[in-house]
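For clarity, chains are labelled A, B, C and D in written order, and residue numbers in each chain start from 1.
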Amino acid sequence: MSEISIIAVGGTIDKVYFDAKSEYEVGPPNIERVLSELNLSISYSVNSLMRKDSLDLTEQDRALIAATVANDPCDKILITHGTDTMVETAKALGQISSKTIVLTGALEPALFKTSDAVFNIGCALGAVQSLSAGVYIAMNGKVFAAGKVWKNLKKNRFEPID
Amino acid sequence: MSEISIIAVGGTIDKVYFDAKSEYEVGPPNIERVLSELNLSISYSVNSLMRKDSLDLTEQDRALIAATVANDPCDKILITHGTDTMVETAKALGQISSKTIVLTGALEPALFKTSDAVFNIGCALGAVQSLSAGVYIAMNGKVFAAGKVWKNLKKNRFEPID
Amino acid sequence: MSEISIIAVGGTIDKVYFDAKSEYEVGPPNIERVLSELNLSISYSVNSLMRKDSLDLTEQDRALIAATVANDPCDKILITHGTDTMVETAKALGQISSKTIVLTGALEPALFKTSDAVFNIGCALGAVQSLSAGVYIAMNGKVFAAGKVWKNLKKNRFEPID
Amino acid sequence: MSEISIIAVGGTIDKVYFDAKSEYEVGPPNIERVLSELNLSISYSVNSLMRKDSLDLTEQDRALIAATVANDPCDKILITHGTDTMVETAKALGQISSKTIVLTGALEPALFKTSDAVFNIGCALGAVQSLSAGVYIAMNGKVFAAGKVWKNLKKNRFEPID
């Protein structure tokens, strides 16, 4: 069994560009490529569960994510997720009390020169190994407990709820 | 007071290239530049304590690092350090029991396209916020307790001591 | 007067990402940023004439581009342009016989890690200084005379007409 | 036969980092890797003739470079070369009057995030296809005739001789 189970559900981090339409689509999990290019001393698996913009995630999608996490034999779960509803999915996972679950993503696609993806993946990986059971979000360099964080759209970053 | 106190002592992560000599020297802390380019939700300070290749660190240098950490009002300390003697400095800091101390660095200079610096900084930042008091090394995607890790020179990575 | 006059009319090279819409828009000329980061020994000016996807360029737009080139006091003209109709604009400029005109662009936005933008800009800059009067396209590492080149959509590259 | 013959003789563009010594060595030709990652419409061959810091090039080395160029069946030659004596090698090639020869290199190793290597390679490739027979240097965005250029060490760039 891997030390860490990674579940990818889509979002900006995985967006790829299709020239014909001048639009983005959600592609395969970039976390897999990023981690494979590093020389890691930790074992992990990557499950590409869905490829959705997080604004398109439904109740059923969240139920599927929760069931997938609950049934995972691993107790350290890292989820890459779109940023717009990451806070809601974190809340929906709150019933699972026996695992350490860290959600992360990116504010710019991983294929951009200035993307925050690699940094965020590192931050989430450091957090998921270090935290006790619970649900957390690792974004903008901070590890937040679920329920204590919101996405400030104006500043385009995750911030603590006072 | 900042949430996290960062102390830079040099190492490969900060190496810069001088054309005339075709040699590297240790420059200013790259962690400062990396973090400033991200839109972080966490406060931190950076102290450039020394700029040394870690093979050149002396007992006095390690005593100075330990004293600096001990006297720091912050209880979350992130140290960027050369990789060759990171394990030894981690051990030397073992007397400080009231703080969470995470050491990291890079196997390739941060200015290289393929450097592990940004990922490692993210990983250390995620870990230092999440761990209880103690001394740790965050390298190669894994958070190690001090004393449970060595640098495998042949594979050029940090690995657990079985 | 600058040695080279650069006219930007838009295209993929200048596309920027807007998260809210998951869409691209054409932003300010990336050639200006790219060249400013290099330590160049050549003088140039950049005129952001329009910001259009090249599929949206009209006859009027092409007439404006041609008039702008014809009236430019400089005899070395570099145009950054979308790739889908670059071949047509090159033909439309064919009446201007007294200047060296090189069109270039990019198959991936300049802000992508894997973009061809910097290479293509270099190639066009090398060509425009070296060619006699005429209209040319510099794409995919090759300098083509206008009228001797087409965009192979399937292979996503510019190729010679045999 | 390829359209362009590329000869690599070393220099900063090909420098690689060896951690043990904290020193650079000249590695295999980076131009080969750079060009292979682009989707080019032009045929070329790469000959790794020598791997030297250009300060270490001897009269014999320059004679070998000149003989290699003279014997090459291709009449468009691109040479990647260290910057410190590029001007001298360009002069030494001045006897060859039947070929277009363009020298380029980089002021920072190609593996650096901020390297000028990709831009310079593009510039040299654009120039070598466009120029009539002669010896040229393409550096800092400018195409210089051999003998009309010097390296301004203070400004770290190639400039015209007035």
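Methods note: a contact is a pair of C-beta atoms (placed from the backbone, for glycine too) under 8 Å apart; a residue touches a chain by one contact, two chains touch by 3 or more.
Everything numeric in this text was worked out from a predicted model, so none of it was measured.
Colleague: Give the label of the chain whose average Cα location is farthest from that of chain C.
Modeller: B
Colleague: How far is the middle of chain B from the middle of chain C, if each middle is the mean of its Cα atoms, in Å?
Modeller: Here the centre of chain C sits 45 Å away from the centre of chain B.
Colleague: Between chain C and chain D, what is the gap in Å from one C-alpha centre to the other?
Modeller: Those two chain centres are 26 Å apart.
Colleague: Using the touch definition from the top, which residues of chain D touch two or more other chains?
Modeller: 107, 114, 156
Colleague: Mapping chain-to-chain touches, which pattern fits: line, ring, star, complete or other?
Modeller: ring
Colleague: Output every touching chain pair, sorted by label.
Modeller: The complete list of chain pairs in contact reads A-B, A-C, B-D, C-D.
Colleague: Which part of chain B faces chain D closely enough to touch in the complex?
Modeller: Within the complex, chain B contacts chain D at residues 12, 15, 17, 19, 22-24, 53, 107-109, 111-114, 156.
Colleague: Using the touch rule from the top, collect the residues of chain D that touch chain C in their complex.
Modeller: 34-35, 37-42, 107, 114, 116, 118-131, 138-143, 155-160
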